[in-house]
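Take a look at these structures.
Both of the next two complexes hold chain A, though its partner changes from chain B to chain C.
Moving on to the complex of A and B:
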């Protein structure tokens, strides 16, 4: 009875005239509060720094920055789930890895067309995340975390033990492709700087798109679910569909990182599904600031660079990652964005 | 504007100095070592590191390579190909190393080999034994100086067929990709060389109880049991086989080189007695070169060297010889000098096969006796090395 009522109410909301929804969307996008003003400034400064970075980076650090942005996509997808829907996923690497494998297999055996690869990888992740999400988001709290963790591990083991897709060795020999943007306009991935700005631009678009979507009523409902999911049905929203949509959207963002990875490194391996990749993404979003969207991307850049530099001096670099995690959990739970907020924003809270 | 001109002048001056720098005699030959220094494979990475440090100290003390010393740059690859590739790019693009080595698991070797190829440098593995590295997935920029899995299996089975009493072979492999492929290599070699395959069983990796498999083993009445298990799995398998009375004097135990090692032998309580395996190196090889290597190694690190240290140590003499012959560190010329090279190592003479870049290594058959490994036989490298399957260069 209650459920039927909920469903009726949900459909009621969904069937409102498009004009109202668009109006709401516009209002939501325009209504940048004081919190998001600072976040926007942070995002702008980060973008400027990222834009001039290759001038100083040289080829290795430029390519490392590409990798940081790709892994940043997993962190961003963790943040959508954790910061907005209140779902802790310990298996976002599943979508990164899945897209990477689909892209690699397509490039090796089917086509050299980037757009076709993009479509296939995105569609496979879409279907998989819809099916898994429909099951996983019924579970709450730690059980959701365990299901996502388990599925990522299963995918990792399947690839590890399937000889046809390279087994434990993974697949090498993925060519460095070019994208045909328009007839006659080809973009070469072989040029590190072109590659970098292409990825930076796309990640910016993903970030802006995510921010817009989460600033609409959809984002507000997600936040309401995060804060008290039992009350949301009484407001006329069915949390299931909102969470599922957020889950599928997050998976798509992680998948973007995954599908570019083989183009950067030329190979895929079962390690891309690994628990380390998933948990590192959680640490990255924590370091940057959960629920800020820009924070996880910053966190990814910081952690990737820190690991690369520190790793050359000591083999105990994992201890450093552990210490960073503990320090942030204990003293800076709102991450670097929260710290910036307290320093520059006169004590306001970052989280909306 | 004048400022920019000054900077430009400085830049030109700097470029001149850089251009002049390589002419100096003491300019080091940089070798990047991407190897696992943390995690499960850290003990292997440590042996690789020790082997490299010892040989570089020795070569540099004796005047280096045409007066140029070797310089080692280590990076921890965590036995994780994505990490290994990132570290290898750092060594190649940031540190500008001349040569790469150190990768342990075959996934890392294949992926780093591809990075080496795309950056026009050479990678030599001293540890990975997957046949594909010098087979189906070979690369003109990748060499291997250690014995591969094919050579281990081929040498061991051909020795067993000649020397073990009885022709009935039973196979045990952990149920995952590596276990299955090692077991199938054993099975193929046994059948090819005239043995009888009387059955195989694949317990899960990390199995605690082997009872369900023991009935099948007993019923097959094997003369030889070959296992591809490793670590604690071998400990449990062999102790349980012993408890069930299967390990008799008539039965020969054999298996992969990693099945019984110094690390897990102690835990077996004698169940590993007589276990045979084939390897490219054994610490008791009775040559002056090996004795000198072992004693120097022990003195330097208070630890016994294993095959990973020995293969890594030997590699730098190949580098030295090739760079001296090429009179440069140019990749193309060094590659040409390495192909068909014959050089001396603690294991004896090694030779690179030009067709697939696999080193031809004499194999030793080692047998567990008490808490030690004893050399009981030798299979010449030419006999063990098998066909050249590389078709890419």
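Moving on to the complex of A and C:
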């Protein structure tokens, strides 16, 4: 009786991912949760280290740290989807790239007002992510990953082939504006330290905001979706809207990184949309710990610095990325935060 | 309370549910029994919004709810459990039940911090006590015994304060002692809620059902009070026939 039923129900009740990479990652995140005291402590220590970093870092590494924080936004956005809604996006760079291009084009041709650029980039990403999300979320399992991957690649190819927006060379010579925070208070991006603390502050706010939003009834629906999406409708929730909201929110966070990127490097290029950036963000989340929010930001710092160091010796830093990915999936699927939780969490339990 | 009118569903050439009609009376236990593959679970899938019927209608208190999606039916008061345990295995027992209770909260509280949303926690705690699950509240559902998992299935359905409770073989895989406990539990719920119960085994449902529907090969073979079921030659034929076929 059971066997016949099992066979009958697997067609409409999607079986949980078991042997897949996504399945491994998902199982790893179940124990944690962005709210544990230990994760808060890790976040606080990271912030302190980040705050004093420019005192030792010098201008090259300070700028590299800015880049790490910007790519960290994509990693954070991957984590919202994978760690909370159980959706593996292989195309989060699309929103980074989209925001970067919108910002670059606006600065070059339309306006020097940071706020206007912010609004335009955010609105474009909002509309695009809503539409793509509405399609991609209906696709089950691996097809979500494939659609997000495919669309990001298409965007990359389109920019690559469109002369009007720089083609394969991208756009260069983007002017660096100043931001008017308040009337009479202008902030210059040209100063590395001002730039760094501005980005660090904003990323902190994004992290705290995300943590707050996920620690709500909304967040608990996402966790239930991650655990068993098919059961959720029978409890009166329509998973579609929750996933879509998470998707749009994640896209906005990736977009923030893209919005600032042209101001850091002075150029944008088609590779910003590309598979390499998207997968790097997944590896960053994995290294830090999926489902922890702070882990992916740490992961981004680690990977970005590692790449910069290794990149000065060899062109083949992608191999390194691949090796890191395999090692973490196999031996440390809950990432460095997971390791910390097991080490210190277990240590604490021994004491009465 | 809930009425099914001429419901049909085919999978390819197989007519899994074939012109099925019945009505479940308020606050009664209506049981659907029948041999393997009779179409019982498929009927549930059609009623609870998992599948769309090819033809026919489903009415809830006189309103047509045919083809409504599962999440809307749940909101309307139709709660169902699954034959194969279908829970949030990576979340705690309390969180499973709390999450179900939370769906009764008004939609504009969905950005309220969880620690300020206390009503679902309180209600979930009560339900866990009622179901004898309070001891394991903090355990992951995946670590529970099969019997306790089956209890959680019923508990999260009841957390929705449903009008119609649909249970698909709730005692599946349980020991006779556990089965007896669950039967008592279901009986105690019947005063509050309309129960639609699928059972594989005729004997189990006899003493708790008010009304029994026997399905066979997608069709309704018999309908009536429990004491008449076993007397029916057609029913005996179907059960014996199925066992002969299986042997």
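Just a few scattered comments:
Definition applied: the second predicted complex is superposed on the first by the 309 of 352 C-alpha atoms of A that agree within 3 Å, B and C clash if a C-alpha of one lies under 4 Å from a C-alpha of the other, contacts with A are read in each partner's own complex, and residues count from 1 in each chain.
As a working rule, a contact is a pair of C-beta atoms (placed from the backbone, for glycine too) under 8 Å apart; a residue touches a chain by one contact, two chains touch by 3 or more.
Everything numeric here is computed off the predicted structure, so don't read it as measured data.
In the superposed model, A:212 makes contact with chain C only, not with chain B.
Contact with chain C, but none with chain B, is seen for A:223 once the two complexes are overlaid on the shared chain.
With both structures placed on the common chain, the touch criterion links A:311 to chain B but leaves chain C unconnected. Looking at the shared chain after the overlay, A:329 reaches neither chain B nor chain C. Look at A:173: by the touch rule set out above, it reaches chain B but stays clear of chain C. Using the contact criterion defined above for the overlaid structures, shared-chain residue A:181 touches neither chain B nor chain C, since it reaches no partner. Judged by the touch definition given at the top, the superposed model places A:123 against neither chain B nor chain C.
Remark: chain A residues 58-61, 63-64, 67, 160-163, 167-170, 172-173, 176, 265-267, 269, 271-272, 274, 276, 308, 311-312, 315-318 touch chain B in the complex.
Interface residues of chain B facing chain A in the complex, by the touch rule stated above, are 37-38, 42, 75-76, 80-83, 85-87, 89-90, 92-94, 105-107, 110-111, 113-115, 118, 130, 132, 137, 176-178, 181.
Residue ranges of chain C in contact with chain A, taken from their complex: 36-37, 41-42, 45, 48-51, 69-72, 74-75, 79-80, 82-84, 86-91, 95, 98-100, 102-105, 109-114, 117, 140, 156, 160, 172-173, 200.
The part of chain A that touches chain C in the complex is made up of residues 1-2, 4-6, 8-9, 12-13, 27, 30, 212-213, 215-221, 223-224, 227-228, 230-239.
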